[in-house]
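Chain lettering (A, B, C and D) follows the sequence in which the chains are written, and residue indices restart at 1 in each chain.
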Amino acid sequence: MSLNSFGHLFRVTTWGESHGPALGATVDGCPPGINITEDMLQTWLDKRKPGQNKYTTQRREADAVRILSGVFEGKTTGTPIQLMIENTDQRSKDYSEISQKFRPGHADITYWQKYGIRDYRGGGRSSARETAARVAAGGLARAALTQLLPGVQIKGYMVQMGPRGIDRTLFDDEAIEQNPFWCPDPEAAENWAGYLDGLRKSGDSVGAVIEVVARGVPAGLGAPIYGKLDTDITAAMMSINAVKAVEIGDGMASACLTGTENADEISMSPDGPVFSSNHAGGILGGISSGQEIVTRFAVKPTSSILNTRKTVTIDGQNTEIITKGRHDPCVGIRAVPVGEAMMACVILDHYLLHRGQIGDAGGKIGSQ
Amino acid sequence: MSLNSFGHLFRVTTWGESHGPALGATVDGCPPGINITEDMLQTWLDKRKPGQNKYTTQRREADAVRILSGVFEGKTTGTPIQLMIENTDQRSKDYSEISQKFRPGHADITYWQKYGIRDYRGGGRSSARETAARVAAGGLARAALTQLLPGVQIKGYMVQMGPRGIDRTLFDDEAIEQNPFWCPDPEAAENWAGYLDGLRKSGDSVGAVIEVVARGVPAGLGAPIYGKLDTDITAAMMSINAVKAVEIGDGMASACLTGTENADEISMSPDGPVFSSNHAGGILGGISSGQEIVTRFAVKPTSSILNTRKTVTIDGQNTEIITKGRHDPCVGIRAVPVGEAMMACVILDHYLLHRGQIGDAGGKIGSQ
Amino acid sequence: MSLNSFGHLFRVTTWGESHGPALGATVDGCPPGINITEDMLQTWLDKRKPGQNKYTTQRREADAVRILSGVFEGKTTGTPIQLMIENTDQRSKDYSEISQKFRPGHADITYWQKYGIRDYRGGGRSSARETAARVAAGGLARAALTQLLPGVQIKGYMVQMGPRGIDRTLFDDEAIEQNPFWCPDPEAAENWAGYLDGLRKSGDSVGAVIEVVARGVPAGLGAPIYGKLDTDITAAMMSINAVKAVEIGDGMASACLTGTENADEISMSPDGPVFSSNHAGGILGGISSGQEIVTRFAVKPTSSILNTRKTVTIDGQNTEIITKGRHDPCVGIRAVPVGEAMMACVILDHYLLHRGQIGDAGGKIGSQ
Amino acid sequence: MSLNSFGHLFRVTTWGESHGPALGATVDGCPPGINITEDMLQTWLDKRKPGQNKYTTQRREADAVRILSGVFEGKTTGTPIQLMIENTDQRSKDYSEISQKFRPGHADITYWQKYGIRDYRGGGRSSARETAARVAAGGLARAALTQLLPGVQIKGYMVQMGPRGIDRTLFDDEAIEQNPFWCPDPEAAENWAGYLDGLRKSGDSVGAVIEVVARGVPAGLGAPIYGKLDTDITAAMMSINAVKAVEIGDGMASACLTGTENADEISMSPDGPVFSSNHAGGILGGISSGQEIVTRFAVKPTSSILNTRKTVTIDGQNTEIITKGRHDPCVGIRAVPVGEAMMACVILDHYLLHRGQIGDAGGKIGSQ
């Protein structure tokens, strides 16, 4: 009942608070013989790292990850891998207000109601800083996928900021790395820059929609009923801070389709079955079909804003609060590498499960 | 690694195929001393039962549930409860076509690719018939909630059929039971009747959006990171056949809000803290706030339709298929009691977890 | 938190009470494509079946197992397999005494203290009848092993009845099936017959020690720390009713050895490394070495005896009790097939885990 | 499938190798509000610490434990607790021999066969150093028990070294802390001192039997079938390095008893039911009876000895080996605090499970 863990065979338990000495991920079940170094993990952490531009929190964390166990001479040994990130910029400040008042939209009030105690410094465990540990674990999962399923490619990007979506006809894979929003539409990126700047200056924040795609995932991963591939992807994304909705394939729009429209037709190619469309997002009955796996998730706006909001104190007094501090005007930006990391973990996990439970008993279609 | 199971302490494992002798749910972890009879479970199964009107499959199943263990003299004993439903209307038919061709939109192809074998009769394990077992388990969870958390009320209803949504200003709790669609807007229900009739006659189907609300859930249920209350609700709903998206609170629309709009303000009432709005859907940081818990999920259109679709055979030949048989034109209708059942299981499970891990250590606000 | 379950990937949940309508095992995670029929399972159940001779309970149960799901045309499909055994000889009797008094040595008192309710008919869930479900699941595990690890042979036998052990120099594999005690020493078997007959007639019972050996298990199964192969075997055996101790290899006698005596020396043979002895019981550091895996467990004497014992009533009154009924004078006899079944489940489970987590990354020794 | 984890609700995952930078325990599920400091944990670690006398390894480790998360202002917060112990005395040495040869009795060969890679420095993950992490986690469990079940007392001691047992009539609780062997019989302790000194000087080692008793555990903890209290205790003890057998109550000796002898008779006292004896070791049907819980486990002799043993190289060549280094002549000594730690974890875990699943539904006996 490890509620801070995810995954079945590739099992990740994250630990740590925003302003404690360190945080990290304990990874149990990584296959042996995977090439991994701290530098390989750092690449992914740097992508998520705060303070890289004016659109993310100005907290300055090195986010340097250390591998404390489970790796010997550059290879995983099959034993638990401890990935630790020390907190270095826990700016000393006055927490007297935040310790007594609950910030609206934050987990302050529910942590108090649940536990009767909370580490209020910087949000403690509920801080998005926890996602650094996920990104480290995701980096490990990617390294394992590179060796075990080399065709898999995982890519996340932002498709909507506030009410402003991208133009899919302008979708450009290469643009994603060329703007601070991981936006595949260069025009939208430019538009968002001005929009977010305005919100940031007014002390406000805004939500976003992130899409993560996994290409090259073999058919047959997943399971039919509860440990479905889509169930696990959905849970993985929903577990990220501030996420309020998850879609697979056409998602909410599926409701508007007829059966005729929705049925992705199948035909044979020299490489096996191909589909005429991908309304299903690459998953049928909880199991991958070999198509691109597509998920989207909505991130709510950062709750830490400079505008005054009504709230109550721990003693039950009505009051108001302004959340000062170094916050992300659009926390969805930094959710992109986190979504990628979660996808990598889920794909690897289901590959290992499939290898264990099915071996090579899967079916072929035709004679290819 | 029980992939056909859900829940932590209240753990449900479903088993059975559409056309096998029986299906059911093995429930481990139900508290002792809960009053339960087969009749109490039957009430909920009857709500989901097929063949009740022209809008659901014409398969005629009694869906009579038997309690085979774990109950003594009308009370649960704390030992595993086996709930079995025998299949009675497995109409004998010619499966030669379906055994050789993969129906688009169905799990036929992925089951084959994963397992190299599939029980093709009526969809086997991937049939929505599996949800009867969930409803039985959900009935048990409701009975436990009645004794342990008597204030909890769980209600599901359909808010959208195809592109046609309800008018929230006409929302009427009592209307829900008065139309075949569990629709809270009587005008929409009437409108949907004609719409669905047309689709049914043309051999087509359509998707839907279901909303499930839990009222009276105490603050403090859930957990912060991966075993979140919203993660578990989302996974529970996504695990239902044909579901492609799940929302909590404002869901996808959260992306469009600013932080100022999204922050549900807090003030004190004689009964404790109250919120000015419920964008969060009753969950903050993975933990219930005491507000209504609100989730919505999109159900794709039934893939079994009478229109011809292109597909391939198991031997890799291009072909076409029409899926005859007794199917639901809008499978979302029967997903309503299933969504309620899943919500009941998740709430009970998290209540037991909270009782175990926290006991009475939770915090109070003010002096009420 | 499925406390009535065992196994990781091959996960068995048993359910049912001694005098309910049925009992069984829900098996999740059996690989697909395994040849299995009810007759194949019945073979193992018949071995455990009561009433076969005067040394086991005279309850007459057909113990006929039905496969309700997960098998199609004689092969497993990869979906959950429900194995159900109906209770047919729940002799109607007067339970008024047993419902009010706690039988010493039985779980009556602890079930009451834990649950506040108990199905007292025949011991309810705590009856050794539950082991029929384990034997059914074990039969399935053996069928899977036959296909996946064809060299594995699992054999259980009794090595001690009360204080009377076997003479290892007379050990004869073929003798095991030729006496009612599964005893490999024909002389001991004869001796035990008279001994047990005397105890039975005097209304008493006696304990036993069972040994279970698995031959042909490949090196490398298991895991180093908590999911050790020996941990899982030990837990599996300890979970059998009335078991009070479990040994691996030399077991308790290991304490008496020096390091020099205990170290099984290694040398090369054309088939790979061989060991000069097997103090370790085939497991080093939680992982199989390729040697025979050897476990022993002690079964306490049946607590249901005809001699008067002091006890208390549910109302706290001192009283006495004689446990009439149809009981095993040495319940250890029927524990032999149960121990075999548990071993089969554990070996299969760890094989699947190894296949999933390690694949073919294991190391070779030398150039064979 | 976290194979390096144990516990259900109080879940401990250990990580780390003998000669890596650090090792530790990630504890998920500790209740909030428990008073804990590093000093409180250190007390228990110091008991296990190597190098304290000539009978334990001369490796000098501070074994200083740091709490990296989950504790705020001296209290647990309900979030994961990371306990880290840095390795400081990883003496640089030449590992060329040990990297190429497998030490008999060690896990060297099975790790290689399983993983195809091993961190051979000091035994890597299979080193008894891993138990430091268990002791730290056990210290936390004890602190929680102190607040939640203040009557519980857990005590471990050695009852046999090699073939030399204690005299139970000389049992003296206070003697346990007064000799280097945690021996409750002062005469045996003196006798063992000379015996072990001789073995140590001859480069040999010897096994031991440890007994751990838990007093004051309330009736009703545990579960009937697989998550039994005795199953979990047995698995916990068997998971400790070098343990080859575990007994509950009379253990192996149960086999020699008749039912009449074995049945612990029950009578009423003003404080509730009392038993005339404790053959059962405080557990009936997997559930605690309120009596003392008694377990014993056998620890094999340390495999690292100075005597020459035959073995093979990784290349399959026959050779010999002497294991030099700083080793325990009787590793059972340091297993005493480890056994206590495991018992504390299991008792706490089952208390939390009981509180969650049963609440206050348990039954009373009589009117006390």
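Convention: a residue touches a chain if its C-beta (ideal position, glycine included) is under 8 Å from a C-beta of that chain, and two chains touch if they have at least 3 such contacts.
Since the model is a prediction, treat every value here as computed from it, not as a measurement.
Trainee: Where the centre means the average of the CA atoms, what chain is farthest from chain B?
Mentor: Relative to chain B, the chain whose C-alpha centre sits farthest away is D.
Trainee: Of the pairs B-C, B-D or A-B, which one shares over half of its contact pairs with A-C?
Mentor: More than half of the contact pairs of A-C reappear in B-D.
Trainee: Report the inter-centroid distance (CA atoms only) between chain A and chain D in whole Å.
Mentor: Centre-to-centre distance between chain A and chain D: 38 Å.
Trainee: From the C-alpha centre of chain B to that of chain D, how far is it in Å?
Mentor: 45
Trainee: So the centre of each chain is just the mean of its C-alpha atoms; given that, what is the distance between chain C and chain D in Å?
Mentor: 26
Trainee: So which bits of chain C are touching at least two other chains?
Mentor: Residues 1-5, 8-9, 14, 29, 32-33, 78-79, 114-117, 125, 224, 353-354, 358, 361.
Trainee: Spell out the residues on chain C that touch chain D in their complex, using ranges where they run on.
Mentor: Contact set of chain C toward chain D: 1-6, 8-9, 14, 102, 104-107, 109-117, 125-126, 130, 160-163, 199, 204-209, 219-228, 230-232, 234-235, 238-239, 241, 244-268, 272-273, 276, 279-281, 283-290, 298-305, 307, 309-312, 314-318, 332, 353-354, 358, 361-363, 365-368.
Trainee: Which residues, counting only chain B, touch chain C once they are in their complex?
Mentor: Going through chain B, the ones touching chain C are 1-5, 8-9, 11, 13-17, 20-24, 26, 28-29, 32-33, 66, 68-70, 72, 75-82, 84, 114-119, 124-125.
Trainee: Of all residues in chain A, which touch chain C in the complex?
Mentor: Where chain A meets chain C, its residues are 1, 9, 29, 31-33, 78-79, 148, 224, 352-359, 361.
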